[in-house]
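Shared between the two complexes below is chain A, which pairs with chain B and chain C, respectively.
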Partner chain A sequence: MRFYAPFCLPFLIGVAVMFSLIVWKYVVWFAELPRADKKRVLYGIPTPRTLAAVWEVIRECLLHRRIFRVNPLLGYMHMSLAFGWFLLIVVGWTETVAYLGLHWVPLQGHVFFRYFAPPLMLRDKPFFDFTMDLLLLFVLSGVALAWLKRFWSRAMGMRRTTRHVPGDRIALSALWFIFPARLFAESITCGIYGMGGFLTGGLGALMASAFGRSTLVVFEQGAWWFYSIALGVFFVALPFSRYMHIFTEIPLIFLRRYGVRPHEKESSGDQFQIQACSRCGICIDPCQLQSVLGIDNVQSVYFLRDRRYGMLTRDVAQNCLMCGRCQVKCPVGIDLNTLRLNSRDTMRNTPDERRYEYFAGLDRSEGAGKVGYFAGCMTLLTPRTLSAMERIFAAAGEEVWWADRNGGVCCGRPLKLSGETDSARRMMEYNTQLFRRHGIRTLVTSCPICLKVFREEYRLDGIRVVHHSQYILEMIEQGRLRLGRGMATYTYHDPCELGRGSGIYEEPRRVIEAVGALLEPAHTREEALCCGSSVANTVISDADQVRIAESVAGELAATGADAIVTACPLCKKALVRGTSSVEVCDLSEIVAKNLR
Partner chain B sequence: MAAMNFGFGINRPRVIDLDRNNLRKSDEILREMPELQTCIGCGACTALCTAGNLTSFNFRRVHTLVRRGEYEGAYEEMNKCMLCGKCRLACPRGINTRGVVMLIKRKLGDF
Partner chain C sequence: MARRVIIVGGGVAGIQTALTLSQRGIPTLLLERESELGGKLTGWHKLFPSFTPAHEVLDELRQRLNGSGVEVRTQCEVCHVERSGVTLASGERLAADAVVVTTGFTLFDARVKEEYGYGIYDNVYTTADIERMLNEGRVAMRDGSAPRRIAFLHCVGSRDEKVCQHHCSKVCCITGVKQAMELKEMFPEADVFNFYMDIRMFGPGYEEMYRDAQQRLNIHFVRGRISEASPTLDGRVQIKAEDTLTGRPLKMSVDMLILIIGMRSNASNAVFAADAGLQCQPSGFLAPRDLFLHNTESNVGGIFYAGAVTAPKNIGESLSEAVVAADRVTEYLKRA
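Moving on to the complex of A and B:
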């Protein structure tokens, strides 16, 4: 049996190029991983995590469960293309086995089976004819949705869709043509030989009666050439385009399960994340820089694209609020913020050993309690929060060690967010030593920015780090704070660093409910908006920050609450500028006001 | 008669000669961050500065000198900043002060 025709060449070349490039890329990235990460992978393989990863690959790479959760129509589009194509390959393979038994058939024999089948005088197998046609229809429905999305994204529930680079456009066009081309090629062959299922057979019979079989014979080779070229072009373009995500998400899922994540510094492991981005553009709509300010070249999809192709500019890397709204929506689960941070590190980190020499011998703390309070720079700028905390500590009868009431060193997160990670490390070392020297057991902070860095970057073994919302709730539950519940209504703004950043949603809400009624705004919890004044962004202007604050404060005020409550001094400062009608206060203020 | 010590003294006389200073870097900085020209020199940024509270670091002084072409030591001085961002919230002209710090360091430093 011969399974060869000249039109197979473009396809075969494409497959060879694609797989050799992909294997080469993966081998290089893996070889360049830090030693600790390699160890994690090696020790992770013989554990149940491998099975969990396999299950996740089936769920995400084939069925696309996470996209379904974000947007069902987009989920169906991706599933029909990925799962449909996968089933076409698997069922096609089974079909050749069913016809020919367990003989070795070259790759092109499987892929172009409909072309090679008739001359072999194979008996009809209606089950396979029907199934293959059904699957082809399934994939074609996805392709139709993809066309619709490109021309009218709102129909698919997306306000904006990604603007693509030329390489992506070539791959995209090839992908669009693969399945219609397959339909026509198979239909023509089926029309000539009078076989096929409901779709290819039906279309083939229709064309045979309309144009005559002899015309179809003329066009048969051309149609198969076109199909093969479409496949070949797509496969060659794949490793250079966004379609690299089709394969790269698989190693990414395994690496993530084994605990390999992006670090503070760039590493080759980041490539698994960057090239797993499908540029679906789901991250564009949640971005407030886009929806409020109309900035549309800095979103995560563009950041990852620019970084991948080595055209990342400082403006794109720095112009981000790092609110994490895109990260919770990302269907691939890419660590978008960490990647942006290590890009900033590469661009800006210039260690200077002497810059913080003035920390030596510095200690302005006071008090002697086992509970430490770190106000943080921003709380020192919102003295009402600080004095409210003083009253709360006094009411709870807590002896407090005040870390920085008379001035202190910043927690280091703002500097880290701007990319100067090595210098930020010096602040972290200073503060760690300060906390240790005073022997505190609990560290309370009213600034979520500090909280996040204390929890994630500091090595504070033996010191429990809590946000003031958690501390206040504990005091209420232990009966050490007695609060009067008034008639006032409050709405709560989730600070990014506290909610999405540290996973604290419940405690502030329960504290608010202890003093009044809580009204939820339209966007809340994981969906909460950013106040716009994030220290992570050093590009947007003051006026832009106010515009974001106005949109957020407007939404919060629309709940009709008497006051907007937040649990972050920076959010408070920002929101105050966004509204003139409603009072904005910190959680600690309403607690202090309602102390009994 | 021995000199009285009042705890403060007279500034040493010095001249800023705008004709002789090289204003190229200063111009570049102002071109990238034109809002810096709206500074009224109120000093709010410096009054509440976290680093200024602990050292003699004076943001207003440094950026004013840089704008006049006095670059000597500006990079080292600017490096004392912890970039905490309080100054940005206090600035009555809404100047992106953190951006200014990073810009001055980028233009005058070795990166």
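Moving on to the complex of A and C:
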């Protein structure tokens, strides 16, 4: 049996180029991983995590469960293309086995089986004819949706879709033609030999009766050539295009299961994340820079694209609120914020050694309690919160060690967010030593920005770090704070760093419900909007920040609540600038006001 | 038939416009939101640089108005402005052949700069509070005692990106100098500090006054803004600032912190602009047709401006502009 025809060449070359490039990329990225990450992978392989990863690959790479959850139509499109194509390959392989037994059949023999089958005088197997045609129809429905998405994205539930680079356009065009080309090539062959299922056989018979069998014979070779070229072009373009995600999501899932994640410094492992981005553009719609300010070239999809092709500018890297709204929607689960942070680190980490000399011997703290309170810079700039906390601590009978009431050193997160990692580290070390020296057991902060960095970057073994919303709730539950519940209604704005950033959604709500009624805005919890004044964005102007704040405050005020409550001094300052009609206050203020 | 002009806002600019128009025999209706005419000047004690009592200016304007035949309606808030007339909050519509918008400005709300503790701590005041206290004849700390150290902070709500007030309010520098001198003369033993970014002495006699404040009264001027304020246990205010001339941070406890608040554009400007197709500047102040030959005309025929509704101005400038606006209105009515 010979499974060769000249038209197979473009396909074979394409496959060879694609796989060598992909393997080369993966080998290089893995080899350049930090030692600790390599160890994690090696130790992780013989554990149940491998099985979990396999299951996740099936769920995500084939079925696209997460996209389904965000957007069902888009999920169907991805599933029909990925899972459909996968089944075409698997069932196609089974089909050749069914015909020929377990004989070695070269790759092109499987792929172009319809072409090679008639000369082999194989009898029809109606089950495979039907199944293969059904699968082809499944994939074609996905292709049709892809066309629809490109020309009319709103029909797919997306306001905006991604703008692509040339490599993407070549691959995309080739991909669009692969399955229609396959349909025609198979139909023509089926038409000539009078075989095939309902789709290829039907279309083949139709064409045979319309044009005559002899015409089809003339076109047969051309059609198969076209199909092969479409495949070849797609495969060659794939490693240079967004379609690299088809394969890269698989190692990414395994690496993630083994605990390999992006760090504060760039590493080759980041490439597994960056090149697993399918540029689906789901991250564009949630971005408030886009929806409020009309900035449409900085979203995660463009950041990853620019970084991948080495054309990342500071403006794109820095122009992000890091609110995390896109990250919760990302169907690939890419660690978007960390990747942006380590890009910023690469661009901006220029420590000034002498700038922090004043830390030596500095200690402005006061008090001697086992509970420490760290106001943070933003709370010091919103003194209503600070004085409310003073009253709350007094009411709870807590002896407090005040870390920075008379001024202190920044927690380091703003610098870290801007990429000045080493300078941030200096501050973290200073504060860590300060906390340790005073022997505190609990550290309370009213700033979610500080909270996040204390929890994630500081090594504070033996010190429990809590947000003031958590602390207040504990005090209420222990009966140490007695509150009067009034008739006032409140709406709550989830701060990004507290909610999506630290997973604290419940505690502030329960504290609010202890003093009044809570009204939820349209976007809440994981979906909550960003106040717009994030310290992570050093590009947009204050006027732009206010425009975002106005849109958010408008949504909060639409609940009809008497006051907007938040649990972050920065959010509070932002929202105050965005509204003149509704009072904006910190959680601690309404608690202090309702103390009994 | 004589044509009627409506003037929206009875501050100094509005009164002067009305007076000039009525002198020319044009029927004029002056609308004022508050119960008495005079606008912001009613709350002021003395005017820079001559320390002229504000009421002297105001009394004379009111006197002239009484004999002028200008129709005045107070407690009358205008909600909508069009070239053909205005609509009041009550829903009443008043027709006019020309409208002059003289609604002035809004004082910056110092509570927005929460870090300075206005409305939170005792002994933090604004320049408007000080004028009121001077009018009442008693300036004192919350507990009634005389201040021994006073700090003025310039540019609160002016030239401040953080609160989206990019513009310079122009008259606050000299106001700060004036009040510093008044308080120093009232409390000769007290140390008086002015924290500033730039001192802009644009008017006649201002620079001389600034020099006098330093040389004769020994008022201290520190270049640097205050970053934050906090209360001390004994009810004073601790401020943190940077002396940018020496490049050193400084901390100081003061008995009074006085915030020199700037001028911001009225929220109504945007409403009027939307009603009548008027143009606003990025600062929110209404935009005159140009800054030179048509500085009291709007981009819409029949609607005119005078005073601080187009930009921060001092009393003298507002009064002169009012005469120009009246002149342009007269011309417009003749042509129409």
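Throughout what follows, the second predicted complex is superposed on the first by the 596 of 596 C-alpha atoms of A that agree within 3 Å, B and C clash if a C-alpha of one lies under 4 Å from a C-alpha of the other, contacts with A are read in each partner's own complex, and residues count from 1 in each chain.
The rule we apply is simple: contacts are C-beta pairs under 8 Å (C-beta built on N, C-alpha and C of every residue); 3 or more make two chains touch, one makes a residue touch a chain.
Fair warning: this is a prediction, and the values are worked out from it, not measured in the lab.
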Clash or fit (per the criteria above) of chain B with chain C on chain A: clash
First, second, both or neither for A:71, with chain B first and chain C second: neither
Which superposed partner A:427 touches (first chain B, second chain C, both, neither): first
Contacts of A:542 with chain B and chain C, given as first, second, both or neither: both
Touching partner for A:407 - first (chain B), second (chain C), both, neither: both
More chain A residues in contact [chain B versus chain C]: B
Touched partner set for A:383, first chain B, second chain C, both or neither: second
Touched partner set for A:362, first chain B, second chain C, both or neither: first
Chain B versus chain C as contact partner of A:418, first or second or both or neither: first
Touched partner set for A:348, first chain B, second chain C, both or neither: first
Of the stretches 4-12, 22-30 or 40-48 belonging to chain B, the one that collides with chain C: 40-48
Contact residues of chain A, present in both the chain B and the chain C interface: 380-381, 407, 541-543, 573
Complex interface listing, chain A residues touching chain B: 348, 350, 352, 354-356, 358-359, 362, 377-378, 380-381, 407-410, 412, 414-415, 418, 420, 427, 533, 535, 538-543, 570, 573
Chain A residues touching chain C - in the complex, by the definition given at the top: 380-384, 387, 405, 407, 541-543, 546, 573, 576-577, 580
Chain A-facing residues of chain B, complex: 35, 48, 50-51, 53-55, 76, 79-80, 82-86, 88-91, 94-96, 98-99, 102, 109-111
Residue numbers on chain C that touch chain A, as the complex places them: 112, 114-115, 117, 120-121, 161-164, 228-230, 240, 267
